[in-house]
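Here it is, the structure, as structure tokens.
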């Protein structure tokens, strides 16, 4: 792809919403304005691209949104965009508005769609990693992850009040179907006694042994953080019963944190990260990049091919697992 | 009961924990110290009374606890205290420590136990209403209720971010087995479209009608707050399916807020209320009262016979139900 | 004034902003819609009335604002409205838009202006008490007060971390030029050792005596909450020096909380109160009322003549002052 | 220094307190317990070392502190420790208790003292960076910094409610005598129009020009974040007057955030960082290290000589300054 001049771009959010998406949109819009590039917002992700649900955005359009959770451009799944016809329509909608390039904010599903679309129509697309799950390869952090960790830790702090007032054991399910990052970090942060993550299956015997040992060491209440994708934690009610049967001295309770983890005003870290990545995405287009995600590694901005962000598994953070084992003693 | 001089009192927390219980204990301890009355804390509610799990408390013992959720004296159920033998043991434990009177912090179950004990052994007992459910008659507010409302509203604010980003309908279950106070107030506070409470059964048809009307009026996302004791909301997953079948244009999701509602640092209101009631409970003992709860009505301290706090139903707040109907349009 | 049919109303916010004002506007707009009454928002208070800075509002215009601090209609001082000419212009602007009545949200200055205007032009005006200071007679609570208390208490909780880590004495200035409500309630809620309020002048000697006594009793850090209008606290830096000279064993620090007290997402209590009062204000107009504030007393809605809300002093809450003295021992 | 077996260690906190210090102490204590090493806490920093104000700590001693701001070991300045005699006493106190090594948590002043002491008495000392200022070389993050950023951003969010309700310009002073990290990051996070930092002096003319341009572009309210050490921001009241004189259309207000920035429950990031560094500090001692700080670079644990952490200046983050300029347009 040759380095054509960019005159007008479109930006959309896709997949699950994440705190900081608004801050990222704001940074895209303001860098576009700063560089004298036109900017259009697309509502409801790829579906809005197919249906031409567009809105002109200038620097003032995005005021007072940096502190808001969710995404004012909304997000949705799009069956239409998975078809050749849908993509063709989307491309025509962009061309009719003289839009030269696209910035997409979302997770790996979003990038997969972007990659296909960019290659099919030779239109530059840049991705910004926005998902609370931190499960995208090639970037140290995704937008929304830090906020979700704080939300989880604050919720567990509240539950600990009750746990320690009643000598109870709480199983707390947090998000993370494939990645244990939220469970591992929030578990360490909340002072959990045990943390169950999909990347590592120590088995229920190990868990029961460990809880019994805790009890003997003088602990009268316990918090166990469970990633929703963990092998023995997937069926959390069954797990609760198994523990209750084996540890009758505790009263075992289950809490599923659910959707509160996706919302809330973004943390400072997520707002700054979103601002940096939003600015960088526009920069990347101007530099002639396409089919890459802008990410952060070791505090520096990096461009990563979409292909390298998708699939496979992130490495397990063994140092933090060791820390978790030690500080929960 | 004649007005005997009180030289030493005991204080305990019982039933579900509530934010502000620590502030109430602190106020009891400090007014006792102020009036030159000895004070003993009893761990784990009535069970600690039976097992003589006591701790001497002076003004310094309760520093830096006013802002903490839960109860540092812990709470527990006690089968022993329901027996004549258990109560006899409890009484002997108090007598052996020269304790003249008892202050209990909790809900209606706590007061029932207190009433029986006080009458059986002619020992003065004062109750302080501490429960997030606000389901005690004779007091306008119970300790912990205001904090729980804020916790619920903050959680729903987060969920609304996601709801409005995705055009979803969320069913959110909040505490309240018999009383809809939490659901009604948090529902109004969070801007819920519908609120389902046990005191009022409008039926599922009414709910579906109303949601369809909302949708037609231009709403693309909706929050429905459901008290756990509501007739059609009790089985929240079944309700979710019924709505989904009838409103296919929404994506329906369920979140059960659960135990986060009991914890957290108490709100200013709860800390002040707990301080006032804790001070009043000691005053009441000095004034020769027994078998009463100290409560607040119309911003003034009142003494209410235990018998009048228990059983029956609080009146439904019809004005607020009308407000809820109007502001959700 | 005879009971004319109300077809269209205007609503404005005036004076210092307070959390919950948006919730009140929303309730006004939605009750108007519910009653088939037109509704216009006026920007920047009375100044917008003079300059005809109006916006049509329907039920959908006020979505997603219940949780936002400040006022989306903005507030401003208006010199023009203090003149006969300004008021005349304001009245003509209302008449030209066929607006029959006005609802004003603000404090006593707002009500004074409303009262003059209503009498001069025979136009019905209803007031809603919105100010963090809780200094309006005739209502138990004003919108924003509960939120401000929580903001202050959370800030002092943070400062206490530092105070107790360093054995320091902190003087913390909170809002309240004439009324000590914020200082007294937040001081009790935050566990302050001393609280200085304008309604009561115990003198600096009493303060120093009390702090010395605290120190002797084993306290190593202290929080003193000072209302900005307090006699000895008005010059807080001078007070700091006086204390430092007399209590060299403490390190004395000053923090002025300032404008963070006015902002923030409203508490559940303020959102519910604002919803109730907003609905009631429209009801009052329909009932033919004018020149009254809608307020809350003993949990019930009341109408209070503007004249009775302004001037004079609220009574000092002696019970709470006694509680403050006792729980700070 | 040869690799002697470590049997017993001491841990202290020194300098300004920071959120996460308790989490770091907890991790030190628990890794010591895990490795069968004795552990003693020293109260009030180096002063407690001189006065032998010690407490034995085991794994249970540090329960329920991970979520608390401040430091339960307290912190203080020590003149005594600056003298040869004071250091000699401190060393004897350690020897008399058979303490082999010392872990100090604090900032550069803390490390300077540690370095002198370690070299003079041939005792292993490891440092953990704990300060909200993030002004220590050799580590990407210090404990407490992330929490302070969130505290500042939440406070500015509240002030923005008021600013935008009244068309005001707010000057907000944040901590940072030498380092602009807090101002720059919180300024970007809070959506500030201008950010004044000590590392960069653009002069008041540039500031006024920029504010005028903002106003012309349609902004009606503005937030300017000022690091306390900034050249033109040092005298913030003078700066306020200068701006008011030049921009009469704004109402200019000043807020000094002050000590709320040091306190509060630590963020998840700070709790995890503190846990990792606390564990690493004990590991480092076991590995025979001394006179080093344990820090984090690019998400990995590093050991950095004390000499390389002190003095000089951290580099200015030019990328973020550019982002700040762009997103504030």
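The first chain written gets the first letter, and so on, giving A, B, C and D; residue counts start at 1 in each chain.
As a working rule, a contact is a pair of C-beta atoms (placed from the backbone, for glycine too) under 8 Å apart; a residue touches a chain by one contact, two chains touch by 3 or more.
A quick map from chain label to UniProt name: A, B, C, D = ATP-dependent 6-phosphofructokinase.
Values in this document were obtained by computation on a predicted structure and should not be read as measured data.
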Next item on the list: Would you pick out the chains that touch subunit B and also touch subunit C?
Entry: none
Margin query: Taking contact as defined at the start, I'd like the list of chains shared as neighbours by subunit A and subunit C.
Written below: B, D
Next item on the list: Please compute the C-alpha centroid of subunit C, do the same for subunit D, then give the distance between them in whole Å.
Entry: 36
Note to self: For subunit B versus subunit D, what separation do you get between their C-alpha means, in angstrom?
What the structure shows: 40
Check: Taking each chain's centre as the mean position of its Cα atoms, how many Å separate subunit A from subunit D?
Finding: 28
Notebook entry, point to check: Out of subunit D, which residues touch more than one other chain, so two or more?
Noted result: 157, 160, 164
Notebook entry, point to check: Connecting every touching chain pair, does the picture come out as line, ring, star, complete or other?
Noted result: ring
Notebook entry, point to check: What are all the chain pairs that meet the touch criterion?
Noted result: A-B, A-D, B-C, C-D
Note to self: Touching residues of subunit C toward subunit D in the complex: what are they?
What the structure shows: 13, 16-17, 19, 44, 68-71, 74-76, 151, 155, 157-162, 164-167, 170, 253-260, 262-264
Checklist line | List of subunit A residues in touch with subunit D within their complex | finding: 26-27, 30-31, 33-34, 59-60, 63-64, 66-67, 140, 146, 149-150, 152-154, 157, 160, 164, 185-186, 188-191, 217-219, 265, 267-269, 271-272, 275-276, 278-279, 297-299, 301, 319-320, 322-323, 326-329
